[in-house]
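What follows is a structure written as structure tokens; I'll ask about it next.
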Amino acid sequence: MLLTPNAMGRPLRLGLYLTTGAIAAFLLLPILFIVLLSFGSSQWLVFPPPGWTLKWYGQFFSNPEWMDAALASLKVAVLTTFTAVALGLPSAFALVRGRFPGRDLLYGLFTLPMIVPLVIIAVAVYALFLKLGYTGTLLAFVVSHVIVALPFTIISIINSLKLFDQSIEDAAVICGASRLQAIVKVTFPAIRPGMIAGGLFAFLVSWDEVVLSVMMASPELQTLPVKMWTTLRQDLTPVIAVASTLLIGLSLLIMIIAAALRRRNATNA
Amino acid sequence: MKVAINALHTAQGAAAGSGVPGATTRRPPLRQRWRGSRNLLPALLFLGLFFFAPLIGLLLRGVLEPVPGMGNYAQLFANSAYARVLFNTFSVAGLVTLISVLLGFPLAWAITLVPKGWGRWLLNIVLLSMWTSLLARTYSWLVLLQASGVINKALMAIGVIDAPLEMVHNLTGVVIGMSYIMIPFIVLPLQATMQAIDPMVLQAGSICGASPWTNFVRVFLPLCRSGLFSGALMVFVMSLGYYVTPALLGGAQNMMLPEFIVQQVQSFLNWGLASAAAALLVAITLVLFYFYLKLQPESPVGNAR
Amino acid sequence: MSAVMKDDTRARPLVSLRNLNKHYGDFAAVDNIDLEIQDGEFLTFLGSSGSGKSTTLSMLAGFETPSSGEILVDGQSLVNVPPHKRDIGMVFQRYSLFPHLSVRDNIAFPLAIRKQGAAETARRVDAMLKLVRLEAFAHRRPAQLSGGQQQRVAIARALVYEPRILLMDEPLGALDKKLREDLQDELRQLHRRLGITIVYVTHDQEEAMRLSQRIAIFSHGRIVGLGSGYDLYQNPPNAFVASFLGNSNFLRFTADGNDAGRFEGQAVAVRPTPGLAAGQEALIMVRPEKALALTVEQATREPLPAGWNEVGATVTELLFLGESQTCHVATQGGTPLTVKALSAAGMPMQPGQPVRVRWAVADACIYTEWAKSDLSKGAGAH
């Protein structure tokens, strides 16, 4: 009835489709707009642009500040990804396989950084690093990013581990593999999509993180979002549109990788 | 990575080898009750050191600085400017939740309804929007909504308005930008709930004599309720704590709680007041999150084996 | 109920379970089991879910640690040997093949772990592929195989390192009936050819009968019956096994001595039973196919042979089942009985008609002790 389009009344169906189209357009509008603007020739972001140009891209890539920021972002994101997976993997095993009391509560604790407002985490961690004298260091960036990335990796690995039939690992053990060998040779390959997805999430979270980074940043070390943030507060130069477009491109790339992994996993399962 | 694997090894391998050799009676050792929990240590240690300790430290400053006592809280509620911040925070969060539910519901419904391929595309649009850089999207809205922006120009061109509307640097901009950002967080849980509804149930509803409208209100909506509530609650909680969008699209006069906290810390170095505000925000968030968890049907960790 | 009932002295025991217990808190999943498994035998653990059969198998494999007791193989204790050093083969319920490896690599896995040379590995894997007739599928992934093929890969993987003991945990449960029967035949032949010791777990009694030389019947964590399928069916050691295996009629009677008594006032003869004393309540168990139902005319035409009993009853229902027919009757005292006969033999009665039910004294088992729950089907789980 209400879930089978053909059985719905024609006006209702038409109305729903039109609304949906409008909302989907609303979702896409700012993304397409920013990509187009990055190629527009107007310094004042006039739309539609009077002409098309690559000069903002030239400015972006020739400015060492932007390039340093991009490089810093990459460094922080990669380190965050590996740390989050390394911490998340054993935790996910413990939460799914463990037989100890309070597992739901512990799961809640691990996902808490996803719930507590970022501003508060940022202020709290900022206070800590201020006291230790570590603000503006790579360590401060990575540590603060791992805090918020960890729930994503843990959840993602837990989900794939829950789908994995543990008797397959037991089969490897009975075949003569030690528990460690069985986990490395059998379980890890089987949950690899979950591990990679968890890593991708961690990467995206770190790559896009603004609030924590703004707090941790120093003139010597700032990530791309920090550079965008500080620039944005001064003026709306189209170079920011270039940075935004590059960020959008990266998100799209990671989404495509994730989708490809999901598909491969679906055919293998 | 090495640490991780070592941790797995010791905890998993210990299970089979425990017990006294040669003895015929083995009491399960106490640690068997905590079997496998050792793997949690690295992450717990990390979070304890860098998340829980600083968080608790911050919350304590609210009652310890500048002098021990509840002075900061009294100030927070007594000062009308601060009370206004609280009012702004809640009304914006409420409005954003309402708008994103109104826009998210038809979208989720359509994704469930249309042929598979189309549904996939709609879902991909939602996901793309969700995973696109927050700053990029906010920047885009800033440009779109400004006085000389496309939207104002378009509205003037078709003669709806004569002078540009002020849509940024005030709460209007904040509500538009945040509703936009929150739509995916409504659509995803709601769509999952709708997907799980058996169409036969609705057919049964109409066989029983329900008109489409009655069927919608009495059968379909109640079945969507868990997804709708959990999505809305999540959006409300997230909206309360959002910083980036209000900071960029909002104005200096109409602050929300997160901006207020940052301002107190960065501009006035008033850690005591900032901590009191932070404690308030954390408390509200946790209470709402508790209700959110109550709405979830099953244990997130599940029961393997 | 003591567990060891009958010892096959022909072969020496390969595996001994002694006073084996597994407790989860106050709950005894396995309750003091004693069992000897002979070298080369096919033994099945039969029971409903929760009866302790799978837990016992898990302890044999090493995935569960006994709360107390001993597991010996060749006289050596296995309790403190981790599962990967036990050199036991196992086939799991859901195949449990490694999804990321080809059929060939799945079978080669145990050899790779044991660091076998490439040539030897190839030779043995080829031999296994041939044994389970999957040569043509060697390069496929498990997901590309049917259920039956996957199970054959699992068997090959469990046999390739030539373990002396093969454990099988309901390996055919996920397959449809026809395929299951084919694989049962293959498995029986495989066992005969390889002479390996197989411990098989199932809840399907027909499967247990078809496959095994001996069956151990599990109930509430204990072994309540042990022996060949024939013995367990024809002479169940207790009322629980009688009602669990196949169908059974229970007639409650009062003994007059150790070989006679009264059932609802009618005199019945029973097997001489030690310990049966006058005035004692006891049970007669007769299999439906061992009982005969005769109309009153038939009964007068054919006099009661020596060594047979006869009780009067009324037909309640007749059922035609194709090959066979069943006749449900109730005695004057209200005891329901079932009589089963081949359709060819014919049962010319109608519901409501009086009949005479007869059985040979030698075909009826006598139980002096039983619990009420023993008499209902499907008991045995906690």
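As written, the chains take the letters A, B and C, and residue 1 is the first residue of each chain.
Definition applied: a contact is a pair of C-beta atoms (placed from the backbone, for glycine too) under 8 Å apart; a residue touches a chain by one contact, two chains touch by 3 or more.
As the structure is a prediction and not an experimental result, all values here were calculated from the model.
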- Task: Using mean Cα positions as chain centres, tell me which chain lies farthest from chain B.
- Result: C
- Item | By count of C-beta pairs in contact, the leading pair of chains | A-B
- Distance between the centres, which are taken as Cα means, of chain C and chain B, whole angstrom: 56
- Message: Can you work out the whole-Å distance between the CA centroids of chain A and chain B?
- Response: 15
- Query: Residues of chain B touching 2+ other chains?
  - Reply: 13, 16
- Message: Give the residues of chain C touching no fewer than two other chains, as numbers and ranges.
- Response: 62-63, 82-83
- Residues of chain A that touch two or more other chains sit at 178-179
- Report the residues of chain A in contact with chain C in the complex, numbered from low to high. 165, 167-168, 170-179, 181-182, 185-186, 189-190, 267-269
- In the complex formed with chain B, which residues of chain A make contact? 1-5, 8-9, 12, 16-17, 19-20, 23-24, 26-31, 33-34, 37, 44-47, 82, 85-91, 93-101, 103-104, 106-113, 115-128, 143-144, 146-147, 150, 154-155, 158, 161-162, 166, 178-180, 183-184, 204, 207-208, 210-211, 225, 228-229, 232, 236, 240-241, 243-245, 247-248, 251-252, 254-255
- Message: Under the stated contact criterion, what part of chain B meets chain A in this complex?
- Response: 1, 3-5, 7-9, 11-13, 16, 33-40, 42-44, 46-47, 50-51, 53-55, 57-58, 61, 103, 106-107, 109-110, 112-114, 122, 124-129, 131-137, 139-144, 146, 148-150, 153, 180, 183-184, 194, 197, 199, 202-203, 205-206, 212, 215-216, 220, 237, 240-244, 248, 258, 261-262, 265, 271, 274, 278, 281-282, 285-286, 289, 293, 299-302, 304-305
- The residues of chain C that touch chain A in their complex are 61-63, 82-90, 92-94, 96-100, 109-110, 113-114, 141, 143, 154, 157-158, 161, 167
